[in-house]
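In the two assemblies presented below, subunit A is common to both, partnered first by subunit B and then by subunit C.
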Partner chain A sequence: MDELIIILVRGIGLGAVYALVAISFNVVHNSSGILNFAQGNMLVLGGLFGFFTLTQEPGVASWLVLLPAAALLYAAVLAGQGWITLLPLRSSVEQHSWLITTLAVSVIIGAVILIAQGPFALNVKSPFPSFALLGTRTPAPYAGAVLLALAWCAALHWFHTRTTTGLAMSAIAQDLEAARAVGIRVRRLQIYAFGISGAIVGSAGFVAAPVMSISADSGIIYVVNGFIAAVIGGLGSNAGALVGGALVGVASMWAAFEFGGQFQNAVSLAILIGVLMLRPQGLFGRTAARRV
Partner chain B sequence: MKTVIKSVLLACALVTLSAIAQQRQPIKLGAMIPITGGGATVGESAQIAVELAVRNINAAGGIAGRPVQLVIADYQTDATAGVSEAKRLVHQEKVDIMVGPTYSQVTLAVLPILNEAKIATVNVSGSEKLTPEVGPYAFSMLANAEAQSKLMVDYAIRNMKIQSAAILTDVGAQAKTAVEAMKAELAARKIRLAGTQEYQYRQTDMTPQLLTLRRANPDVILLFTSNGEDTGNMVKSLNELGWNIKVVGSFGATFSGPAIKIAGKDAYKNLVAVNYRGFSYCAKDPASRGFEEWIGQVKAHKPAAFDRQPLSYLSLWYDAVYVMKAAVEGSGGKTDGPTIAAWLERNSGSFKGVNSGLTASKQTHFLVGQGALTIVYPDRTRPGGLLERVDCN
Partner chain C sequence: MLVPALFGNLYWSHTFHLVNLYVAVAVLQNMLLADAGQVSFGQGAVFGAAGYTVGIAATLLGTSLPLAFLLGLAAALALGCLFALPALRVQGYYLGFVTLSVAMVFPELLVAFSDYTNGVNGIKLQLPALHRPLFAGVTPLSLLVILLACGALAGHGYLRETRLGRRMRVAAASPEAALSLGFSPGGARSAAFFIAALGTGLAGLLYVPVVGFLSPSAFHVELSIFFFFSVIVGGNGRLLGPILGVWILYLVPNVLMVDLVNYRLIGYGLVALGIMLAFPDGLVGTVENALRRRTLKPGDAEVGLQSVMGAAGAADKAPPSAGAAIVEVRAARKRYGQVVALDGVSLTVGRGTVHGLVGPNGSGKTTLLNVLSGFARLDAGAVSIKGVGIARMRPDRIARLGVGRTFQTPRVFDELTIAENVQIGADVAGTRVDDVDPKWRTQRPDQLPHAQRRLLEVLRVIRTGSDVLLLDEPAAGLSAEERREFARLLRHLRDALGKTIVLVEHDLDLVWRVADRITVLDTGTTIAEGAPAEIVGDARVRALFTGKLDA
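== the complex of A and B ==
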């Protein structure tokens, strides 16, 4: 029983990282219909920021200052990426060049990390001590990722329901053409959405860096599991992303424990297939009418 | 009559020129290296080694008087990409000889292409499945999985007096062979197998696997790994669980630089591992000048990357190029697979490189046998990456 509790706690922590990637998927997708497949490597870049700015024995105060700095930096980076991605599109639903653009950005980031940092994974120390759990030590960044995921979820809920900009973004999510017709500056808000998603993955990478693999080829793990979490939870639903992320994290760890490490990645794909067969809109997703 | 003589002379001149041109035509050496992907850490060492070897060979006059032209293929540590790159090297680049790949699952995937083209290769892969029948022109510098596994089990039984053992490996093909070899050896010596587990490359949290193994209360973990990062992540997870168990690792566990960065300076407190005897030392051993010169060359070639290189592994790729040179020159300059393979099966023992005492034959194409291996403390190093043997006293 103790072992299952340890796996549950670590799985939720790992799942929170996937949930944060899923939430950043949602923010961009809701406003533009785009799935930004560079999010995995952007998360790794967040970890890279931690590697460059945190010392071998980082202090809590400097960590607290650097966390919003990471969010702001990657908000700017993602806004730039969003501008480039959206440039050839009048509306993202008309063509799918974003698919190539976002994958290309991901490949470029991986190549730049490899050239600049070499093939070895980089290690980042956490300023927070690991916490005791049933005779074991659990790294604090797992708890940090959970808190951050909850905080971003709450912040986005407030933003989308209490601010004019957020409400306008929600309008885009519901009907892009109607939003444009009533004078909402769609392109600008879409770039804002990219920026917000950058703040989410940038801060997530910074917080989770000590438990992540920060290397040129690690992004694929996080983008795939983040995407699976988003689809399981229901694309567009941040609450769904939280649940989907936790489900993927716990299930993959439990599968490794119960059946062997070779099943660790396969189980999340199996859950994805199961959810798509039984509830294609995801656990918290909503079906929408479509004109044919 | 004069016309006939002129024609004969012209023909002779053309034949001579053609022979000279052939002599000076570069030998194309294809090198399949995982520069990217999960094996990129060892790929960096491989690239440094092959580039340095080719530079040194060309500076000394090439192979059989012909300069060597190096063509590197990055297969991204992926078997599918490996097949594409092997086809490119064979059909597009038209390489004469090859070194690599490393990672058995990739090597097994590309061998049919090399067999069909009759191209000889010296790879750095350790699966038992790499038999002379599967790869008639393929040889390996890596100690095979069975040799490593037997030594690991033997050491654990003799020195740790174990009654039970757990096996933890990565998901590679070589590791799967190692699991079978370790299971067989444990069974033959009546040691209880407490459990087996696998992990994905670069998995940062191995607690689920370790929790499974801990349930069965083994006396030792036999860790078959391919790099230092995974070793470090395993030790870090062990520390987080507070599980103070002895570990006997494979050759990959000796790559101590990345492991210590991840798990701290005490990473090897409970861990010993397999290494090449030529890369081990006892305190009383004198230093070797030739070896130190070679280390100096590696450092001068890539100074920024030197500190993180597992030199024992790097030497395998360096020697792979020189083994190929010896085989081509020993075969009168011929580069075809059957000729190279026949020469290596008969003469590999005469090779003198950074590593020596090679033992390939018609029965096995693994150039390094169990006798060339020993158990070391991976964190007790001498300059140049020599590791202290456990049997010094």
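== the complex of A and C ==
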């Protein structure tokens, strides 16, 4: 019973991290059709930011200042990456160059982390004490990740329905050509979307740093699990991402408890293949109308 | 490539073997990406699965070597199936993530099942017999690896000349076109994954004698990414691209920076990123394009009506008697969200007749065509072709009944030559396109004006041998003279070849000139139906097309 509670609680916490990656995918994908393979390593970079800025006994006040700083820093980094990614799409007929450019950026980040920090995972301290939930001690960052995921979801909802920029971004998601025709500056908004996705993963990495694996080869784990969460929820749906993230997180925790950590990703992979075979549009996704 | 093996230098002969294996894998990756349009970040896992299975079978299970090699190939194919299965349903980046996670999970599982794999300690398996020189320092192994690399290249070149190869490229460029030509795009994608797994598996088998040692760290996700990037660096889709790509990504860092293993990954990333930004067509591709621009005189080849008439062929048998209904639609209803596209439309098309479908934009013409070809499903009503109910049938099955269609935006493929664009139609009938302008064999349709692209698609659908042709605005963009010619072509198809034609067209003169019967649609309902002369005086039809009918 205790085990089940731990699996559920920590699984949902871990799932919130996946959900945050999935939400950051959605933001970029909705505005440009691009899925940024570097998003996982960007999350790890958010964790690294925590590693470098949070001292041995981090204070709550400095943590509260550093959180927006992490979001802003990675918003800028991702906007830069977005600019690079969108460059070849300007003229080229090769519309899938983003697969390569984003993967290349991901590989470069992973390699730089490896050279700078070595192959071992880094530990980050949280300023918040762990707390008791349903009788189990739960590290605070799990709760932080859940709160952050909900907060980003709400913020994005407000942004997309209440602000002009957000509405214009939704317009791109609906119909790129029409958006361009009414004078929306598509390229600029796409770079904004990259920036927002950076703020999401930057803050997520910082908040979840104490419970994350911060190492050169963990970016790929987060990007794949984040994608799986997005696919389960239905690519583009943020509410779906929350549910999908929780499902993947719990399944992954269960696999770790039941079979051992090496099987976490194998279980995620099985879920991914299962979802793609049975319901490729995801739980909350709609099949896009076919245009002939 | 061949020279270093002769030196007998151990380091070089090892590198030579490995590079040849990597070239073979990269060639198949190239086929997968460029021909089938499939992104796989997991070919390293397929490669490793073959090698590791040989190692496990031969050492820990103690099977004979031939059996071990067979099992290894089977393992690679099984993994290929794992990729091919989701490929039936989805494509593009979805598969990118599936394969990426397989590449990630594979070495983890090797460690997790250490009872069977020896875990991180790896498996040692040496096959000295393959290293014994036959003559002049040439070993059986070096022959095998060259054979594999050359075989992969030749196989890739050959595949492009086959029906399957063409179909892969069509499925990658336009799944709808694939369906309209009677085959499942998912099937073509899966076949590509399977072929890639076969070749990659063979390379993985040879990895065992080449290296003599298997460890999980040799098959990390970086290996898969290396294969993928070498295709990009060399030039996506260029036959020789992978060779150059592997050389640059493997040899250069290995020879120049042997001590800086950690920096190799940065090198991969930077080179791939730089190439994508500076030469999106890859190195070989950029050179090829430059050469092509220099030698090509644009606007050379033409797809004129004459050639379409000629290639349409003469009647080889007497057309079946005209008249009997071949297409029947009863009270068809179809809505998209709030929009009712078809609101109880009925339609009967007689065999060997031309049936015009006209109406203003949004009247439901194209929707009806989509229903007839299976791209749209009716909410209510019945539809049958040749007496077979097709309301629930997939588009590729309907196409195999002998229904061909063109699209409003022509599905013409710039990756194929003009002749190949016709050949993919002839493939349906199992015939060869021999009797065409030789220029069609070398030139691609990217220089053709829009009207000629439409004609090319019409020609393709004629060559499928389908007896029901659904044409969606085939005459758009033709000049007045060409329209008269086009009308002649349609009559020829009907009278000499006995085709049944459903024609959606905005040019009312053309429709009234060739159609045997006409259905006029407006906002999803039939407002008039009959022979051209009967309905030309209809007040409602006149109101719809004021000033356009001068009959």
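Assume the second predicted complex is superposed on the first by the 276 of 292 C-alpha atoms of A that agree within 3 Å, B and C clash if a C-alpha of one lies under 4 Å from a C-alpha of the other, contacts with A are read in each partner's own complex, and residues count from 1 in each chain.
Just so it is clear, a residue touches a chain if its C-beta (ideal position, glycine included) is under 8 Å from a C-beta of that chain, and two chains touch if they have at least 3 such contacts.
The structure displayed is predicted, hence computed values, not measured ones.
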Simultaneous placement of subunit C and subunit B on subunit A, clash or fit: clash
Touched partner set for A:254, first subunit B, second subunit C, both or neither: first
Subunit B versus subunit C, judged by how many residues of subunit A each one touches: C
Contacts of A:114 with subunit B and subunit C, given as first, second, both or neither: both
Partner chain(s) touched by A:224 [first = subunit B, second = subunit C, both, neither]: second
First (subunit B), second (subunit C), both or neither touched by A:137: first
Partner chain(s) touched by A:97 [first = subunit B, second = subunit C, both, neither]: second
Touched partner set for A:276, first subunit B, second subunit C, both or neither: second
Which superposed partner A:183 touches (first subunit B, second subunit C, both, neither): neither
Partner chain(s) touched by A:265 [first = subunit B, second = subunit C, both, neither]: both
Partner chain(s) touched by A:213 [first = subunit B, second = subunit C, both, neither]: first
Offending stretch of subunit B which, after superposing on A, collides with subunit C (from 26-34, 44-52, 62-70 or 170-178): 170-178
Subunit B and subunit C contact sites that coincide on subunit A, given as residue numbers: 110, 114, 217, 260, 262, 265
Residues of subunit C touching subunit A in the complex: 39, 41, 82, 85-86, 89-90, 92-94, 96-98, 100-102, 104-105, 108-109, 111-112, 176, 220-222, 225, 228-229, 232, 236, 262-263, 265-266, 268-270, 272-273, 276-277, 280-281, 336, 366, 370, 375-376, 407-408
Partner subunit A, residues of subunit B touching it in the complex: 35-38, 40-41, 43-44, 171, 196-200, 202-209, 211-212, 215, 229, 239-242, 258, 261-262, 305, 308
Subunit C partner contacts - residues on subunit A that touch it in the complex: 35, 84, 87-88, 92, 94, 96-97, 99-101, 103-108, 110-112, 114-115, 217, 220-221, 224, 227-228, 231, 260, 262-263, 265-266, 268-269, 272-273, 276-277, 280, 289-290, 292
Residue ranges of subunit A touching subunit B (in the complex, touch as defined): 3, 6-7, 10, 14, 110, 114, 118-121, 123, 130, 135-139, 211-213, 215-218, 253-254, 256-258, 260-262, 264-265
